[in-house]
Each structure stands twice: as structure tokens, then as C-alpha cells.
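What follows is a group of structures, each given as C-alpha cells.
Two complexes come next, and they have one chain in common, chain A, joined by chain B in the first and chain C in the second.
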Partner chain A sequence: MPGKRTLDYAAYAAFIGLILCAPLVLEEFWLNRIAKFLVYGLLGVAIALSWGYAGILNLGQGLFFGLGAYMMAMSLKLASPTSLQQGSATPVPDFMLWNAEPGAKTDLCCINHGSFLWTPFQNPWFGIAMGVLVPVLVATLIGWVMFRKRISGVFVSIIMLALVLLVRLVVIDAQPVTNGFNGLTDLGNLVVFGVELDPYEVVTYYVVAGALALALIATRMLVETRAGLILQAIRDDQNRARYLGFDVPLYQVFFFAVSAAIAGVAGMLYVVVAQFASPTFMDLSFSITMVVWAAVGGRASLLGACIGAIGINIIEARASETQALVQAWRAVIGLIFVLVVLYLPRGVAGFASDAADAVLSRLGRKRPPAAQSAEERVAS
Partner chain B sequence: MSAVLTVDGLSVSFAGFKAVDGVSLIIEEGELRVLLGANGAGKTTLMDLISGKTKSTQGRVHLRDTDITNWEEPAIARAGIGRKFQIPSVFRELTVRRNLEVAGCGKPGVLANLRFGLPRAARRRLDEVLHLTGLSDEAQTVAGTLSHGQTQWLELGLLVMQDPKLLLLDEPTAGMTAAETLRTADIIKSLRGSHTVIVVEHDMAFVREIAQRITVMHLGQVLAEGDMASIESDPRVRAAYLGSKGIH
Partner chain C sequence: MAEVVFIGLSLASVLLLVALGLAITYGAMGVINMAHGEMVMLGAYTTVLTRIYLHLDLLAAIPLAFIVTALVGYAIERVVVRRLYGRLLDTLLATWGVAILIQQAVRLELGASFFGLHIAGLGPGLQNVAVPPELTGALTLGGVQVNAFRAFIIVVTLLLALVTWLLMYRTSIGIQVRAIMRNPRMAAACGIDVDRVNALTFAYGSGLAGIAGVMVSGFKTVFPDMGTPMVVDAFLVVVVGGVGSLVGSIFSAGLLGQLNGITAFLSNDIIARAVVFAFVIAVIMTRPRGLFAQRTR
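Our next item is the complex of A and B:
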């Protein structure tokens, strides 16, 4: 008889198989779309790790997504043909010309006060490294302050919520460096190891799908370690864990940072696929939407939250393009949320897990027919 | 015999009120000490001071030769003190077995625990602890669904798994039926000798069952210390705590 764990791993294998085989049946337009949704799936994994496993409901996950996105977009902006054709030694983004200091030389070093920050981003690898490092550093710093002070629950949510709005404001305000409200558009394609990642090419899809598969497997392995177990123990009862000798903040900070890293990678891949970065990534609504995806998919399950994110986005895309639902598709999505919260409090993954339990226990039942029929008689 | 825990003139005051006032105790290796006293006598506060939950304003606490006065809770736990709370606290969403695995992880750091499975010695002990606490059949049960008594036993099991030098048990039989209380007494008695234990308890039947040495506290101070018989006949204890009717 197959165990619960075997089924669980089979679900991971099936999902990863599915996303890797998708290019065989989908045409380019949908492939690019699904790639975007897979990026959202990454965000689902990040949320499930911090909310489901660590018990930290982060209402500002968009901060890490946004930081990752901007780091990547800065490199890609410098790689765009427009930036390369400004007639200077270094590529200069078009918006910096409009925001140039009077009389400044058209060069990345000094066209305006903040432009020198862009200089190292001429190397795409620097952008890629920063896309992970910056979210991790920010998460470690905030996490350290919050968790050392034993701040938890709704207060963490509020702090993160305020923080993402604050950073969004700063990004919009720093017009000369970030192009403010307009975000970074007109980006070049990322070229790694001589391969150009055109958003509408299959190779780009595979990079995204591969990253998601890797993140799913690695995160799952991480929570299966003793550290992952202790993290769940801390979620259930911080105090008990403390009196067993564990440094609770260390665990919280570590996994908070891992979650931020995944969100940062998601942000980078989103820029590669969608070819823009915008302050809207740090809108409150986006951060909350991510949490809703995870809640629908099942926050206690990495795969569940991931599928939740992808599934909702596919339904959303389909519904909004169906003639009959053009007016009503938002209501359809809202109805799905309400139904899930009312009837599937542990999300789709919780439902699947219960169903698997029921099937397994039916398979495992080995009782003499007499006893069974006696029970049935009682039941009827 | 050597002292495992030495408490020397320990005091704490909350806004002028001395909850614990100059308490001195010496707990010997392998001893099972019962702390007795009316509500507000300072028993739980004394445990809070020893385990680091509350910081003392005066006095020292030594675990063997280490001065652990006012350390952080995890540091005190790692030094070798395990604490069971009055309201049982276990990891409610994890199974009984996983609860015990957490307590058996041994190393405190994140990076040291980035590996699969328990150390071999801990795995062997886990089955013993399941047996000791009578939870062998519940190993795969989620802790949140255990009965009150079983939850108390699981928390005791966590402490045994943690394997500290000294166990502080705060009312381990609170809210238990008579049968459950007896079983708890059995578990605690089986720890005697191999572990050093301090128990806070109100239930006199239970105290009679397990006690070797008793320390009676009153208004934050140690009133008397001795075996059951000498405590029962001590006039100061009768006057201050038990009233004229004696222990019932």
C-alpha cells in the first residue's frame, strides 16, 4: 500500500513533469503567459514557507519581489538598444537624460546625483546577484530587529505592510534613479552563457519552469530537515521552543530570508518574462493577492500554494476573456475565494490531503467481512 | 552527593512587592524536591527566576558550578534546565513523535540542524520516552487532539527527551483525574535517581505519593524544609499555611 508521503512526492513529480512538458502543447503566447503564472507560483512557495511553516504572515512580500525585479530591470535597462545609443562611453537609460543635472556629462557616472549607483549593473551577473542578495539582506535586517524583539503575529504583518508602502514611496520619489511612477520599461533581453532569453522563446519558459521546479524541491527538502521541523515547532509554540534551548529569532530570520530570496528570484524572472519593472509590484493589493493565492491553494503546503497561485491566474485569464463573463469575472474570482474560505479552510491542498487519507484508510482496511457488516447494520 | 542547583538569597520585587524574598535552596543530584505553598507563595515565580523567564533583582542561581543568574531562557535551557509549564504547552500541529523529535534535536543552531533525521542515540531514546509516557499508540496523533492528561505527559516526555540536568515541573497534575494523577506520579517516580526534579504541587495525595523532601514557601520565603512527617508536624507550617486543621 502506498504511504501518504509517497503520494505527496508523486504529486510533486507530476506537477514538475507537467510544467516541463507544457511547451509540447502550448503556443508561444500562452507559453509566455504560463511562464508569468509560474513566477506567481514561486511567490506562492515563498508565502507558504513563511506563513504556513514559520507562522509569519507577511503582508509585504511584494517588497522582496519588487527589489528583485528592480535589480534585474536595472541590468536589462542598460542592455536595451536605446540605452546603448546615447552616444556616451557607458549605456545611459533614456529617462536619465530627461532627469539630467544641468550641464552634466552624458555618462552613467555623473549624469545625475544617483546615476553612479547604476554603474555596476552593466554586468548582468551583478544584477542577478543583487536580485537575490538585496532581498535577503533587507529581510535579515528587518527580521533581526523584529524577531529579536519577539514581535509576532499581526504586528509583523502590519510592519511589513507599512514597509512595502514606504519603499514604494521612496522608489516613486527617486525619479532620477528609478524613473519613478513609470517604472523601468523598454528593457533588453537577458543574455546568460551566450543564450538570449527572449520572453516568447521556449528557452525562457524552461528557465522559469526549471527555477520553479528547483525552488519547490529545495524548499521541500529544507523543511524536511531538523531545522524545518524546529521551525514548525516554533510556529506552534515559541515559548516551548525557547525553553527547549532553541534560539527562536535565528530560525525565524533564517527562513524569513529564504522566503525573501525566493520572492527576489520571482521578481527577477518576472522582469525577464514581462519586460518591465514598476512600483505597482510594491502595491499593497499585490502583496495581499499573493496571500490569497496561498490561502486558496493551501498555505500549509508548498506545492498547494504554488498550484493555487497558478490556478487562480489561469482561471482569471480565462474568465476575463470569456464573452459572457467580461463584466462578471471579478465576481467569479471573488466567489471562489469565499467558497474556499468557507468550505476549505486549509485550501485545495488540505482538501486533497483529506481525500488521500480517506482513500488510504479505505485501502488499508483489512477486517473480516462479518465485523464490517455488523458495523454497517449499526450504521443503518 | 553534590548539589545540582544552588539558589542563594534569590529575590525579585514587582513594583515594591517582593514576590520572592531571599530564597535559598540546595538541590542534590538525583533528588525529587516538592515545592509546597498557598497561592501567591511565590512557587511559580521561583521557577520563573530559575528558568530565566523573570529576571531576579537580588541573589544568585548556580547550576552545578555555572552561575546562570538572569541568563536568557534558551541559554539556561542549554545549560541543563528543563521546564514544564502549568498550562501544558506542546507543539499542537505536530504529531506526538515529531514533538519528541524536536526536543531530541540536541544542537540549538539553524545550520547545525540542516540535516535529515535524528542522531542515532536520540532515535533510540524516543521509543523509550513514548513507552515511559504511555503514548506509544499515539505516536502518529497530532498533539492538538490529545486529551488533557496525554498533553501533560507529552510535555513531560519533551523534557525527558531534552535530557536536562534539572527538571522544573509546575503543577504536572493540574486538571487531571485521579487515575491520571497516579500515572503521572509513576512517570515522575521513574525519573527519580536518573534525573533531578523540582515539582510544584497542590495535590496532597500526589505529594504524599512522590515526595522525599518538601520545601514549604510562604509569602515569598522558605518557611520549612524536611520530609513529609516533619512538615506535617511543624507548628509554623500549621500556623501559616495549613491552618489549625492540618493537612487534609
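Our next item is the complex of A and C:
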């Protein structure tokens, strides 16, 4: 007689098996697309962790995604052939050269006032490390201030929303260093351990799929630890947890930072797969779109939110192959979203979970009454 | 310097114009209406359609836009929002979905584009609205050259703020609204028809956004996505001013407008907006309930 938890684990195993086997049946073009959607799935996990388990609706998750993306893109920009062929000792991004003042030395150190910031990014490992560290640092700092001050609920959402828009404007304004509105394009491929991650190669897909599988398993294990349980207690009643003697902000900051780290990794992988970074990653609509995916999939389920993100994007990609459906699809998404919030607040995962409960209880009823009552006693 | 102050004042008036409706729906009803920006957009499109089909100018569009958006707002409250009272973040998410629906309705010309039909004035393209000749040009006020239309917006904003204040504090429906703000269940127990008052309040807030749309269409390009940045700004004005406080919203719109204007004068528009966001974050961090906090439900 399988229990609820066994079913749950089976769903995780089935999903991970599915994404790892996908290259067997998919051609390169779709493989690249699906890899992109798996990155979105990673974002779904990040949202579900902070929203479903910590009760923090972050309307600025795009901030961490964007920071991760830019850190990676800076390294890859320096690795691109155009940057390497500027005839200087160090690679220099082409946009810096276009906007350089006459007489400026063509070198990363001093072509403009901010270009020295790029110097360490010549080593891709520095870019990778920063892609996680910067989002985590930002999340820890802002989280520390917010949660120490017991700011919660909608105010956290507003602060994060204002913050992502603020950083977006700063990135756009710092044109000499970030290429402003245009973002970073024409990137090289990431090379790690001698393996080149060409976005249309199977190996890149496996890196993304592996990262998603790892994130799913790790976050699932994390929320089942003692810390994860305390976090859920805080979500349900912050004051009670506080009176029980738990250091509430500590747990909130920790999980906020984990969520930021996942989003940062997602940003990095997105750059590897899509080969650009742009300030649009920090648009308000993108941050809210992520929340939509998670809400449709199931805000309280890591796997549900992940599948929601991937599923919506696959349908969207299919729909946009027909010109007339592109705009209609957006309307459908709006409608689905309203309906989910109104009638399925726990998303598709919540619906599946209820269905599983119903099936399990029906199965349970067929067994002899003695066995059933024994199990119920244990359960209660 | 007087020019800079006037620019700030003009920015503030637009902020307040959009925020006024939100101050009512969010402040009084506890609903974060992300479709508020789309009400502004609908108001702007009403101006466009009024010119094309009725050959009337911007001034005539003001009452029409109020009626159109108030009706749409009423419908949204009846169908979506009323099921979500007390679930603040869910109202935000559901109305975001509504916002997308309204945007797409305009972009798809209410579905007509599927049948190859085209409704002039709608669709994904950009629209422009001409300002009536009597409002173009510049006035000279106290030795300062002032854009006439900007001055007109300031006057309209002040009038609307005054009307809203009178409605809220000098009429019986205003008393009912404020009673619901404080405690909806107690208000219901005292015989107030909470459902009806909520629907009317929401419709009024949406109608104000419609008027804001008419004003905005006079100096901005009209297109289906135009509302999204506005709702964010308006929302920040309300939060900084203090939820439920009309005076707070007026004050904070003035503050943010001047901050924006002065910083833009000293550096550039992008930095000015960034500074406004930073200021808002600082205010929420230190005073989450806003500058003019009021005890509400």
C-alpha cells in the first residue's frame, strides 16, 4: 500500500528521469528550447521555495536572475572572438571600443572609468563564482534588513519590486560598463574542464538538466530538514515561532538567500543556453511572469512550480508557431491565471495532490477495517 | 529654479492622478489592483475613439472615460475581486491576469482581428491624441513660462482630489466606505450593504484612473502596454503615503514628483527614477506603514 510520500517521491523520480532521457527523442533545435525552459523550471523552484515554504512572495526574483546572468555574460563576452581580436594584451568588449574616448588605451584596465571591474572576469570561474555569490550577498543584505525589521507580506513584495526596477535602471544607466539597453550579446561559449558548452550540443542540455535535477532533490531535502520545518512554522505563524524561541529572521534570510542562489544559477545557465544578457531580465513583467508559472503549477510544491514553468513555456512555444495564436495565447494565459487564483489556489500540483488523496483513501477503504484503524491511529 | 519646481509639480500631479484611484481601491478596500494601469490605458483609448468616432476632443472624453472605466471596474469587482477580499497578495495576482486580458483585448481589437476586421483606433499600434487648441501653448505665471496643458492637468488633479475628499468625508456613502475600511464585518453588522459599497468604491477608483488616462493621452503615446509602469509608480505613491490616507497620497505624490524633477534636473531621467525607487525602499524599510499611517482593518 503506497503512502502519499512515496507517490510524491515517485513523481520527482519520474520527472527527473524524463528530463534526463529527453535528448534520446528530441532534435537539437528543440533540445536548446527545452534547455531554456528547464532554466525557467529552476526559477519555478526558486519561487516555490520562497513563496510556498517561506511565505515570502518575491516580486523581484528577476533581480537575482539578472545578476547571475550578467556575471556569467561578462565572462563569456570576454571569451568571444570579437573581444579577443582587439589587438590588445587583454580582451576588450567591442561596445567599450565603440564608445571609447579618443586616445583611451585599448586595455581592460583603463579604456573607461569602470572597465577595470571586468578584469577578473577573464577567468570564467570568477564569473561562475560571482554568478552565485552576488545574488546571495544581495539577498542576504536586503533580507537581513527586511526580516530583522519584521517587514513581511506585501511590503517585502514591494521592496523587492522597487529594488529590481532600481537595479535595472542602474544597469541601463551604466552604459560604458554594461552596454545599457542593448545588454551583452555576441558571447563566446563557456569552457569548463576542457568541455565547450555549445548551446546546441547535448552536453549543454545535460548540464542544465543536471542542475535542475540537483536543485529539485537538494531543495526537497532541505525543506524536510529541521530548519525547513521551522521555516514552514514561521510561514504559518511568525509570532508563535518567535515566542517558541526560534530566531525567525535567521531562517528567513537563509532560505531567501538559497532561493536567490538558485535564481542566480538559473540566470547563468540561461546565458549559456541563450547567449545573451539584457536588462529585460529585470523587467517587472518577467518577475511577475515567473510568479504566474509557479502559481499555475502550484506555489506550495517545488516540483509543481517547476513543471508549471516548463509546461506553460512548451505550450507557448507551440502556440507561437501559428502567427494568429501568439497574441491570443497571452490572453489565454491571463485567463488561466485568473481562474487558477480563483478556483485552484494551490495550482495544478494541489489539484493532483487532492486527486492522489482521493484515490488513496478509496484504496484504503477496501482493506479490512482492523488494518485501517491501526494505520489511522498511527497517522493521527 | 521655479521651472524645476513646476516640472516636479507637473510630475507629481500625474502621479497623484493615477494614484488617487489606487489609493481608494488599495487603501479603502485592501485590493492591490494591478489592472489599474489598464484602466488608465482604457481611458486613453477612450480619448482616441472619441476623436475618431464622435469627432469630439479631449475635454469631451473626460466624462466618457470615467463612465467606461467605472463600468469595467464594476465588472472586475463583481467577477473577480469580490471573491478575494482578505487575500491581499491573491488580488495582486488575479488582477495581473485581468490586466493581461484587457491589454490583449485592445491589441486584438476585441477579437475582431481574428476575422480579419480592423477597428480604427485599437490594435497593437501606437495612437496619438491632439491636445485641444485652447490648451496648447504656454501661460506666464509669476514670470515663469508654464505649459498650458501641464497646468490644466494640475488643476484637474486638484479638483479630483477635492471631489474625492468631499465624497469620502462629507457624504453618507463616504462614511460607509470609511466604516468598511476600519472594520468590514462591524460595518455589515451596522446595516451597511458592504457588497454594494465595495463595488461602487471600486468602480469610482477605476473611473478616476480613466480620467487619468485621458489626461496622460495628451502628452504620452497611447499603446496597449502603457499602463504597467504607471501602476507601479502609483502603487509606490500610495504605499509611501500610507495605506488608507488620502492626505498621505497627496503628500507623497508631491514628494516623489519633486524628488524626480530635481534629480532629473541635476543628472538625468534614468537616475532620477532610480533615486525615487531608492527613496521608496528606504521609506518602506523604516516606516512600513507609510508616512501617514492610519490604523485600518
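For the reader, a short list of remarks on this structure follows.
Just so we're on the same page, the second predicted complex is superposed on the first by the 359 of 380 C-alpha atoms of A that agree within 3 Å, B and C clash if a C-alpha of one lies under 4 Å from a C-alpha of the other, contacts with A are read in each partner's own complex, and residues count from 1 in each chain.
The rule is simple: a contact is a pair of C-beta atoms (placed from the backbone, for glycine too) under 8 Å apart; a residue touches a chain by one contact, two chains touch by 3 or more.
None of these values were measured; they are calculated from a predicted model.
After superposition onto chain A, partners chain B and chain C are found to sit side by side with no clash.
After overlaying the two complexes on the shared chain, residue contacts for A:254 are found with chain B alone; chain C is out of touch. By the touch criterion defined above, A:361 lies against neither chain B nor chain C after alignment on the C-alpha atoms of chain A. In the superposition on chain A, A:165 makes contact with chain C only, while chain B stays out of contact range. An angle of 80 degrees, to the nearest 10, separates chain B from chain C at the C-alpha centre of chain A in the overlay.
In the superposition on chain A, contact of A:337 is made with chain C only, not with chain B. Set against each other, chain B and chain C touch different numbers of residues in chain A, with C touching more.
Contacts of A:327 after superposition on the shared chain: chain C is touched, whereas chain B is not. Once the two complexes are laid over each other on the shared chain, residue contacts for A:237 go to chain B alone; chain C is not touched.
Of all Cα pairs spanning chain B and chain C in the superposition, the closest are 16 Å apart. The contact sets of chain A with chain B and with chain C never meet. Residue ranges on chain A touching chain C, taken from their complex, read 57, 145-146, 149, 151, 153-155, 157-159, 161-163, 165-166, 169-170, 172-173, 284-285, 288, 291-292, 295, 324, 327-328, 330-331, 333-338, 341-342, 345. Within the complex, the chain C residues that touch chain A are 32, 80, 83-84, 88-90, 92-94, 96-101, 103-105, 107-108, 113-114, 124, 228-229, 232, 235-236, 239, 268, 270-271, 273-274, 277-278, 280-281, 284-285, 288. Against chain A, in their complex, chain B makes its touches with residues 51, 73-74, 77-78, 82-83, 85, 89-94, 98-99, 101-103, 105, 108-111, 113-118, 155, 158, 162. Residue ranges of chain A in contact with chain B, taken from their complex: 222, 224-227, 229-230, 232-233, 235-237, 239-248, 250-251, 254.
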